[in-house]
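A, B, C, D, E, F, G and H label the chains in the order they appear, each numbered from 1.
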Amino acid sequence: MLTEIIFYGRGGQGGVTAANILANAALKDGNKGVQAFPFFGAERRGAPVRAFARISDEEIYLRSQITEPDIVVVLDTGIMDVLDVTNGLKKDGLILLNSNKKPEEFGFDFRTATVDATGIAIEQEIVVGGIPVVNTPIVGAVAKFLGISIDSVKEAIMERWPGKAGEKNARAAQLAYEKVIS
Amino acid sequence: MKVIDTGNHIAALAAKMARPEVIAAYPITPQTTVVERLAQYVERGELDAEFIRVESEHSAMAACIGASATGVRTFTATASHGLLLMHEMIHWAALARLPIVMINVNRAIGPGWNIWSDMNDSMAQRDTGWIQFYVSSNQEIFDTVIQAYRIAEHEDVMLPVMVSYDGFILSHTSMAVDVPEQEKVDSFLHEFNSMWKLDSSHPITHGNIIMPDDYMEVRYSMKKAMDNAMKIIEEVDEEYGKKFGRSYGLVEEYKTEDADYVIVATSAIASEARVAIDVLREKGKKAGLARLRVHRPMPFSRFNYDKMIVIDRAVSLGLGNGGIIYNELKSRGDVYGFVAGLGGKDVNYKDIVKMYEMAEKGKEGWYGVEVD
Amino acid sequence: MMETAISYPTEGGMGKTGTWRIFRPVVDNSKCINCRICWVYCPDAAIKMLMDMPENEGKDIKGIEIDYDYCKGCGICANECPVKAIKMEREEK
Amino acid sequence: MASIKNFPKEEYVLKGHAACPGCPITIALRTALKALGNDVTLIVPASCSAVVQSLVPKTSFNVPVLNIAFAASASAASGVAAALKRLGKKTIPVVWAGDGGSYDIGIQALSGALERREDFIYVCYNNQMYSNTGIQRSGATPYGAWTTTTWTGKKEMQKELAEIVMAHHIPYVATASIAYLDDLYEKMKKAKEMEGPRYIEIFSPCPPGWRFDMSKTVEIARLAVQTGSWVLYEAINGKIEFTSYSKMLLKGRERKPIEDWLRMQGRFRHLTEEDIKRIKEAIDEKWKYYMQIYNKD
Amino acid sequence: MKVIDTGNHIAALAAKMARPEVIAAYPITPQTTVVERLAQYVERGELDAEFIRVESEHSAMAACIGASATGVRTFTATASHGLLLMHEMIHWAALARLPIVMINVNRAIGPGWNIWSDMNDSMAQRDTGWIQFYVSSNQEIFDTVIQAYRIAEHEDVMLPVMVSYDGFILSHTSMAVDVPEQEKVDSFLHEFNSMWKLDSSHPITHGNIIMPDDYMEVRYSMKKAMDNAMKIIEEVDEEYGKKFGRSYGLVEEYKTEDADYVIVATSAIASEARVAIDVLREKGKKAGLARLRVHRPMPFSRFNYDKMIVIDRAVSLGLGNGGIIYNELKSRGDVYGFVAGLGGKDVNYKDIVKMYEMAEKGKEGWYGVEVD
Amino acid sequence: MASIKNFPKEEYVLKGHAACPGCPITIALRTALKALGNDVTLIVPASCSAVVQSLVPKTSFNVPVLNIAFAASASAASGVAAALKRLGKKTIPVVWAGDGGSYDIGIQALSGALERREDFIYVCYNNQMYSNTGIQRSGATPYGAWTTTTWTGKKEMQKELAEIVMAHHIPYVATASIAYLDDLYEKMKKAKEMEGPRYIEIFSPCPPGWRFDMSKTVEIARLAVQTGSWVLYEAINGKIEFTSYSKMLLKGRERKPIEDWLRMQGRFRHLTEEDIKRIKEAIDEKWKYYMQIYNKD
Amino acid sequence: MLTEIIFYGRGGQGGVTAANILANAALKDGNKGVQAFPFFGAERRGAPVRAFARISDEEIYLRSQITEPDIVVVLDTGIMDVLDVTNGLKKDGLILLNSNKKPEEFGFDFRTATVDATGIAIEQEIVVGGIPVVNTPIVGAVAKFLGISIDSVKEAIMERWPGKAGEKNARAAQLAYEKVIS
Amino acid sequence: MMETAISYPTEGGMGKTGTWRIFRPVVDNSKCINCRICWVYCPDAAIKMLMDMPENEGKDIKGIEIDYDYCKGCGICANECPVKAIKMEREEK
């Protein structure tokens, strides 16, 4: 089975990193096909951007962009003023938002989940230049809906940032995995 | 070891494992992360090599030529305008018979500036005498870079090799790649070997004035080398397959045996086409795929299909509809040509299914522009 | 049909780039001394001096107006303002 | 002397462009075009400045712009200048190029155009690296700076392009900074009134490239001058005069410690004491030389 | 007026009579005397134009681009390595749709340095989007340069034009040329006309970042321009013929009506082949000649011969036997390909007769090298 | 100080080469290789020097030679240097380029290699025009000289490449002349012993190009120095010292009248009195400057 | 009828100029096809070189080099030590030599003619840099064998060097035309 | 078969270039002072000092030998010889 995911965020917010960690975790879980890639734009810092991930138990031959995702992840709900994140989302698809609100408060016609990734980041002291790092908790949360083990996610995080930083991020992912509500 | 990384980082890793002694490169989107990663390997001491941070791509290739002529293995990488600026030196490297290996990350040509995938850059080098690969996955990037050195440095070949892949689509997409042990790579690659070299204990001059008769011989020997390369590429690929468990061939076929129409494509579009074939087969259409992996030497003899649908991501304007591979294969049968995906326009399997169905109705041409 | 890459001067070439903002400059015009420093340094030309506006011609007016449609929130104005008349606040969304 | 109070109100860089927040390029260009006016043709090679313009079919630059290949700005400008001469127009060809496109890949075209005495203004905004492709070293990258092609810090000293240009004996050479916009404005005005090749280089700190907070662009530029790391001067027909704050330094005002400046930038974070000493010495050396010359005159 | 002079001087004369406003060029053998003569015209006041003595060919083309974009007629000339060094800007000029006219004096590519005729230089630019002429006599050089401006500047075309001819064989050979009055040329050429220009009273930006959809349209509009060019070239040629008494067409035929085999060639070899046809006819062989004068756009539809013998002076190594025109025409019938005359190796009518006789026996390949 | 009496007897330029009778290139190269020895790799761009070697499969240069594209010598040399370093060899990469390939089309590669501090020697033999293609102007062509692209005399002053190279702050820069071979030999020897980029420019009058009798090559080169039109100096780490005859001029010996030199050359035949005055003034100006500096020290 | 001619001389001696003047004169005489071209070598001053001319009453389509000339002209007999000037010469071909000797003294198996072009040049004071200019007299001489009128030759010379220099050269051509012996 | 443009060091790369000569340098060794000037300047390396020849080792010999096979007759030696020991004569052929 193939799952296609779009991450919405801002330039510099780490959407691509999230997609990468997710793909790596999926690989560890035995998925043969994994892909993670940025939207191929010419954007500068701050501008709204997208990142993509594909996960499958078989080799993936697709090389095109994702237009009809199974899951949409929103790292920064602020960008929902600028663009429609549900665009192309499959009817039975899922929206996962970084928010301390309840899913139903967003009133989407789609299955919706929320996790307070920002809150978790602040709590775990993963803040860079005053800005909370939300991509690791968000991966923890999305893993849940993909049936990817949180251990694989944490392993993937530790591979990327060995040591202290990794541990904090892994903990954030774990927390998000536990706290995400839908 | 399974590694998950972008095409560019995989290219850098493969280059590193081939142990070049001199790397000279200049950054350009979307190749940049190849260069960055290699610089890092060298600075961290993970790769024992000289890295020359040249001031242009013309110089990058010139530096590789200088180093290769002095007798060491070299590597460079570029894209688009970088490749175009090298053009003079690309010809030079081939005529000098230096086994340089180069990555080209396909990107459209400006103006306007367009950083997305399009093969006009490397296809416009098709007449330079380089061996040219077009690859479809990060794994294949790795495997092909290693193979490239064996092929380039083979005594019956001695021609430079260019390995191209789609900008962003591969260069910036992380995929899982099986990376062999360094020792295994070492045992697959031989000591650097070249046709000639500069050595003050045996002084020779390379490249002074050459008269017509000798010149024509030089060109002919390059033609023979290309002929040889056709065989050597397959031999190396086979040996690689035995050692590493993966091989690709000159042309990779998929469900062609009973196909009514065979789609011919390269690179990312060829991979995507595989999905289209499955969709078409589900629809009951006998579709097949021939992925052209090696464009120079052109494996003409592999194209023995009655009907072909060629999808080109590069054009020779003023040559019929423009499709370059289409035009080269036209004489091999009934061929329908589509030009698609220029300037990074996305081509997905649904598009390819549509092209197939258009070809069935005898249509061809540019796909995805309002044709008036 | 686009024949070659020609572009025409347009405000908002990249759309309303104010959406890129994470922090928002907020001015207290009562502190402003009309030094023009924020105006001259703003990389996004998003600041106008009130006194330059036609409707204020002749008036002895102090202060600036920030175009939030385009201000990207870099904070240079706040950093450079000699009287600290500008503060950066987290954008609420 | 120009004052920002008297700068024209006209804006030729339109709001809503594509630069990063806190970008020095648009700071520099806004003022440059205020000084030059809109009877110019900008020639822009590959660089952040090409991206900043926004996407076809829109542009944020309200003057004619010819984008051109990376290595080709000064030669394209030569063609523009020749055509304008034929057409009898007063329009000024103005190259607007990064340090990469000037110090490295464009220097041949530049040097050729200078030797031919082409009638144009060449502006190099120097952000000391290739920022558009994501922070690689250029000939202008200073010793010790981290970039993605010099992970452990650049091993060589930067090229001194303004000196090299001066060795071409052209009518006008000036250095400027985005922190000293009155000085920049003045120099642009002077250049505008002259004939033949004119060269102005503008020091332009880049937040993502140098790794500092985007609100500090101007502050860092200012400190570069105040620490004596960047020097403001102009040379009319080869005669050098220091200007603005640099002139004060020359006259004896104390230079701020270079550490203040280095410390603010992520790209210098890894520097050892030794590295800093070497940088300091190089600056001291430079100033000793300036003082000598100055006191001799 | 009958003038006797070398191909290069005739090219300079034609360029002068087309009244370009800006010329930018760099010397290279065997083009040099074109540049020298033009410099002389300008310095003597015989041509009222700006002559930019650039420091390289990359700059020559860049300067032409700058001038053309500012709204004036431009000219340049080059050869071989100069053309290769321009490669990036050659692509640029086409994508910018600037009607620049350029002479290329065909010369082989190094190393070793070889200054003699060989078409690999211009043929390697076949994918750049330029209209390309190959001419066979000094008279045709003159006529084609004049025509080139009309074609390039035609509102349905707006593409740059390259006119190529053999180094030394034409460039340094004096022949008699009929030179028309300046007024007649003036009345044939219109005011300079361009698709766009830079003008501070109507500021536009050219060449900023362009996204895939728009980019693909730009390419498609170039394709349409090439399609149009096929027609416009003939129209202009016809009008030229009416006015000046000489016209050539896209393909010039000689005794093809009843031919068993039609020889296809360009430039000097095509002229020499005419003598071979006469010899073959005397021998009782029904030989014909189709001289390919325009290679881009490629006039495919003109090649409706059963059997063709293509002689190429340029190769795409790794593409079958390499012959470029041969490979392009292969799908048009029964084609025999010969590669000959590389690096200036002399090809005379006797050689061509031999190739004909070889083809009759089903042979093809490289002519004039010891093939082992 | 070297004397021709002690020059090695070894010849690395073999008899029967392709140069014109009276060619300055082989005069220069014979001596240069006597100084450098044969553990070198020559890198030669398109130029007369490429032709002089004779035709494939024969060469008249008895050292390794890499002929390379016109714009590529310093970058090819960078590659050679890197490879030699990897191989642990002491061989010195030596670029042997004309003024066209150095002042004009090769300057970008040169400037880049200097900034990178490549370990090589760059020799520019300056015959003040493109001689191989039949006498076209180069950046080194002096004001007023006839060439086939400046029929009425060049309108611009020549570029000063040695100055430009010095502005790159490299370890060694020297000018030399084929008339003063002991001086040339000495400079080559010095360069040989140093590391990093080293630049030597050799003044090389060309009989067909400058239109003088082929027996006068050396005489004309000598007069250029004696009239002060060409200056012999070296700069070790930026410190300039005049050498040989130029040093004597600096110390007060009288310069010969420039007319003596101009008159001998067909390329200057058309010069007006005014032109000559301008040339004279430029030389006087230059020497005034030298004297000033010299007397200050 | 097509006549093919090779001029042998030294780099700088003006063989190409001779070929050019001859071609121009032939054109004036009504020949439709004329060609003049150098040997395409990389020679430097002093080296032996060749130049070629073709003259025909019809358009010439040939573009190849001349290997079987009808006429061979030797501007400097010194080069005969180095190369065989009769190489390829048609059986009924002609050799014209710049020499003050008699034709028979050379003992060729071909029809031979001589003219003292050097002597004429000295006599007419057409000497450049100490070296007599022999190309104009030699054209005068060769014209005779081609049936080209000496007036056309002189006209062609005057076109190239209008004024005094032309007159002297034209006179030299005339003299050679008269004095050539065979 | 030539595979790439490689050349080997050879005396007489262009053949006996002495045939290019129009004037011939003729030396009067009795005048020679062994200054080496002609030797060092000869562009064609066609001059040998007699004293450098192995057979003359140790002898107090003055003069030069010109290799007429390769001397192109430029006349630089004659022009530079401080004692005018070399004269240029028209080549007799």
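What we mean here is this: contacts are C-beta pairs under 8 Å (C-beta built on N, C-alpha and C of every residue); 3 or more make two chains touch, one makes a residue touch a chain.
Small disclaimer: the values here were computed from a predicted structure and weren't measured.
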item	value
Chain H and chain F - chains in contact with each	B, E, G
Interface ranked first by C-beta contact pairs	B-E
Centroid distance [mean C-alpha coordinates] between chain G and chain A, Å	86
Rounded Å distance, chain E centre to chain H centre (Cα mean)	49
Distance between the centres, which are taken as Cα means, of chain G and chain C, whole angstrom	82
Multi-partner residues of chain A (each touching 2 or more other chains)	42, 45-46
Per-residue multi-chain contacts in chain C, two or more chains	1-2, 4-9, 14-17, 20-21, 72-73
Multi-partner residues of chain E (at least 2 other chains)	53, 55-56, 58, 81, 85, 88, 92, 95-96, 110-113, 115-116, 203-211, 214, 217-218, 220, 344, 346, 370
Pairwise chain contacts, counting only pairs that touch as defined	A-B, A-C, A-D, B-C, B-D, B-E, B-F, B-H, C-D, C-E, D-E, D-F, E-F, E-G, E-H, F-G, F-H, G-H
Residues on chain F engaged by chain D in the complex (per definition of touch)	71, 103-105, 107-108, 111-112, 114-117, 139, 156-160, 163-164, 166-169, 296
Residue ranges of chain H in contact with chain F within the complex	2, 5-17, 20-21, 36-37, 39-46, 52, 67, 69-70, 72-76, 78-80, 88
Touching residues (chain side chain F, partner chain H) in the complex	4-5, 7, 9, 11, 13-27, 30-31, 53-62, 67, 178, 181, 207, 213-219
Touching residues (chain side chain A, partner chain D) in the complex	42, 44-46, 129
Sites on chain E touched by chain B in the complex	58, 81, 84-85, 87-88, 91-92, 94-96, 108-116, 118, 120, 123-124, 126-129, 131-132, 206-220, 222-223, 226, 229, 296-298, 300, 314-322, 324, 327-328, 330-331, 341-346, 366, 368-371
